[in-house]
Amino acid sequence: MTMFIIKRLISILITFFIVSVIIFLMMHAVPGGPFDGNDMPVSEAVRAKLMASLGLDKPLHMQYLNYMWGVMQLDFGVPFQSPGETVLELLARAWPPSLLLGGMGMLIGVPLGILLGMAAALRRNSWIDYLASAVATLGLTIPVFVISMILILVFAVWLQWLPAKGWGTPQSWILPIAAYAMIPMATYARYTRSAMLDTLNKPFVTVLRAKGLSERRIIFQHVLRNSAIPMVTVFLPMFVGIATGSIFVEAMFRVPGLGAYFVSSIRNRDYPLEMSLILMITIMFCLSYLISDIVYAWLNPRIRIEGRKE
Amino acid sequence: MTASDITEEKHYSPLYFIWLRFKGNRAAVVSGVVLLVLISMAVFAPFITIAGYDEQKFLERGLEGPSSEFWFGVDDLGRDFFSRIIYGARISLSIGFISALCTVLIGIPLGAIAGYYGGWIDWFIMRIIEIFSVVPPLLAAMLLGALTQGGFLTVVLIAALFGWVQVCLLVRAQVRSFREKEFVRAAHALGASPGYVIWRHLLPNSISPIIVGFVLAIPLAMMLEASLSFLGIGVQPPLPSWGQMINVGMNFMFFYWHLAVFPTAALAITVLATTFFGDGLRDALDPTLKDR
Amino acid sequence: MLGDVMSPALELRDICKDFAIRTGGTFVPKYETVSAVQNVNLILPANKIVAVVGESGSGKTTTGMLALRLLEPTSGQIFLNGTDVTKLDRAALKPFRRSMQVIFQDSYSALDPMMTLAQTVAEPLLIHGIGTASEQRASALEWLERVGLHRNYGQRYPHELSGGQRQRVAIARALILKPTVLIADEPTSALDVSVKAQIINLLLDLQRDMGLAIMFISHDLSVVRSLADSVTVMFNGRVVEQADTETIFANARHPYTRSLLDAIPVRNPRDRRVRAFLSRDEIASAIPVVSHRDISSTVEPSPRPQLVHLDQTHRVEAIVTA
């Protein structure tokens, strides 16, 4: 088991480095730096001075090495667009909104999705089943920004119940959270429904019924446990995806979170911020996959026991 | 069995069963019809619209709502909105198809080679796939889009770049499972070259995953295009893109709802239709593919 | 059998096949070599049928694959009609492949599900570029009839046929190039008893008509008896006994052969022999022991079992004592 973890960590590190090199090269491959195409053109001399002060005049591999060396020490540099703080500080400032809305989205979406899925599995071919399937499919098929748009159009423009811009009053959080909640809800509804249906059809459930166990006990103690594994393993990556801020939801609702800063960092060619964001998000995804794999291997008795036999 | 029995028996080719299964899936059939309508509208655009997509002929009637004259109203630059939406269908659908085509053109050879030869070739290709899977595709796509200032071709390339992995994995799995089958060994025993075996035996048996991969890549590419265009780094004006129109529409939506509603509806309907159609096709071709 | 003037249709000399199995090691993989086939010598004379029998894992299928060079031997030589084909590259080997063909046990996966029967049977002609498209098709349909299926079956697909019919198609495909050697890897094991007999009769008829040499791999001695001219018994990757069919059935010397014979079902329960299911150790301990003075070749005494000639056509693995 430990070997497995170590091997995966190494593989993650290697992937991480390769990704960082590729992104670094990509960013610098396009001509033009942070001071070109601005509203205020700067003279050549001033520009050269500014570039030097930011270390942009050094050869590429030096820039890369300097940057990665800093990353090792958790120093991600200073963003161009707000030199008053380090990248870390800016991220610390920008993250809470994403985390808050995303987290609440998951908090609402996951349980709702599970309930919907359970209801659908237990009352097959009833209206609940169709509703749940419809919700699941729509939530996963329609891109999140279209969903956001629909939510805005219906609730903010037409019915005028809720504000369209989402960062100020708690009311303004409702729509973004609803948008965030769609994907987890749809995913979990679908997973729960299919996993439960699979399990309910297994012979051991018939045996349990024959033994006389109450339906409720069967469901909660036996069926749910068996269905739980895929649902648990998908949780962490999904959380990472949402917690790092959906770019579109934030753009549409004007939320000052990670996603918004990512967009602006690209527009402004803010290299440190861009790199750091992508690297951080990539590492978080890698780690979340690793943890999910470990949790899965641990939870799945077949793998756990076989692992011990080695 | 007499000779007459044999010739009179009815022949049911595999295709017939596929059609039967597909017909049973109502959502898929409806989506198919919707798609047909959309494609026709896109193809015959000049015949059903009263103006080109970038002709600012109606400036003095700007921002007017839908009427019998302008079915979808007029946009902020005096263009007939219905025309914009229909030509936008052309853009979305063509990006979807072309990207899916590129996806398949990249994914099939890589998947076939990785599946057939195994060993270090397979290892190498899987590592590449791993790199592509770990970076959130949307972020990387955005980076690429921003760096290249968008454009039709760029969007197609980006969509292909992130879509090939799915097709590659599907083809690889299929080739691996068929590689050990006896008819492949028989072909080897006959002296067939690897190229022949892959082309004549393995790929035809992988048609199902290939078609499924192709059809499901279309909505993904369309979504990517809409997302990038929404952020301004996808299809550039004056080419009409629904994503772009949504972005613009958001500024006007409180007073001129038609600018936001129609592109949103168009995008939602198209993506839904292609996804349901693709799912239906997948279920009809090979029900075992459902969970991949 | 051994003194043929003509070179045999197929000869395997000292064929060995080792596989490297990964047995662990965390960063640096550790491998163990497993010997699937050890020092197999086999002669298949022209126009004869040699059966290779043994249990699963005895190496008999591997031997067949090695003969076809579908697996590469670790050492040893393969002679096809007198020519050493062991080391030929793919291009050089191709013309020889016309002389040696194969039919498999699993008739379903032996045919490409996406090709019609006519296309499948014509495929060998296509690969070797023989004849025009219409000639190939005509030939394929002829062969379908020759194996007992109506010409109209040409347009059908494998999934429409029964197991026995598919096996016939596989036979047609194998023989359309008129090979001199056919390797039949358990072709009847997956078929019903009645169909088994039909297929065997078909093979016998074709063999007689075409002068074919067949290596018939099987685990079923009762089938072998009606079919083969000589029998090679394999156990654990080695040949343990080789003789004419009659000799094997009448006078088997090796304990493993005996246990195989004992396992053949008999019609009358009263005739049932006492079956001894021997474990590997029991077999190893019951190996015949012969004195080197009794055997006709120059073999040194050795505690390890070796393959020795008991007479001109009968070889057994035995321990030779002084």
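Residue numbering begins at 1 within each chain, and the chains themselves are lettered A, B and C in the order written.
Convention: a residue touches a chain if its C-beta (ideal position, glycine included) is under 8 Å from a C-beta of that chain, and two chains touch if they have at least 3 such contacts.
This one's a predicted model, so the numbers in the text were calculated from it and none came from an experiment.
Novice: With contacts counted as C-beta pairs, which pair of chains has the highest total?
Specialist: A-B
Novice: Which chain has its C-alpha centroid at the greatest distance from the C-alpha centroid of subunit A?
Specialist: With centres defined by C-alpha atoms, farthest from subunit A sits C.
Novice: How big is the gap, in whole Å, between where the Cα atoms of subunit A centre and where those of subunit B centre?
Specialist: Taking the average C-alpha coordinate of subunit A and of subunit B, the gap between them is 24 Å.
Novice: Distance-wise, how many Å sit between the C-alpha centres of subunit B and subunit C, to the nearest whole number?
Specialist: Subunit B and subunit C have C-alpha centres separated by 50 Å.
Novice: Centroid of subunit A to centroid of subunit C, CA atoms only: how many Å?
Specialist: Spacing between the chain centres: roughly 58 Å.
Novice: Enumerate the residues of subunit C that touch no fewer than two other chains.
Specialist: None at all.
Novice: Write out the stretch or stretches of subunit A touching subunit B in their complex.
Specialist: 11, 15, 18-19, 22-23, 26-27, 29-30, 137-138, 141-143, 145-146, 149-150, 152-153, 157-158, 164, 241, 244, 247-248, 251-252, 262-263, 266-267, 274, 277-278, 281-282, 285-286, 289
Novice: Under the stated contact criterion, what part of subunit C meets subunit B in this complex?
Specialist: Those residues of subunit C that touch subunit B are 68, 70, 90, 93-94, 97-98, 100-102, 104, 106, 109-115, 120, 123-124, 127-128, 150, 152-153, 155-157, 159, 170, 173-174, 177.
Novice: For the complex, which residues does subunit B have touching subunit C?
Specialist: Residue list for subunit B touching subunit C: 1, 3, 6-7, 11, 13-14, 181-183, 185-193, 196, 201, 204-205, 207.
Novice: Which bits of subunit B are touching subunit A when the two form their complex?
Specialist: 130-131, 134-136, 138-140, 142-144, 146-148, 219, 223, 226-227, 230-231, 233, 246, 250, 253-254, 257, 260-261, 264, 267-268, 271-272, 275-276
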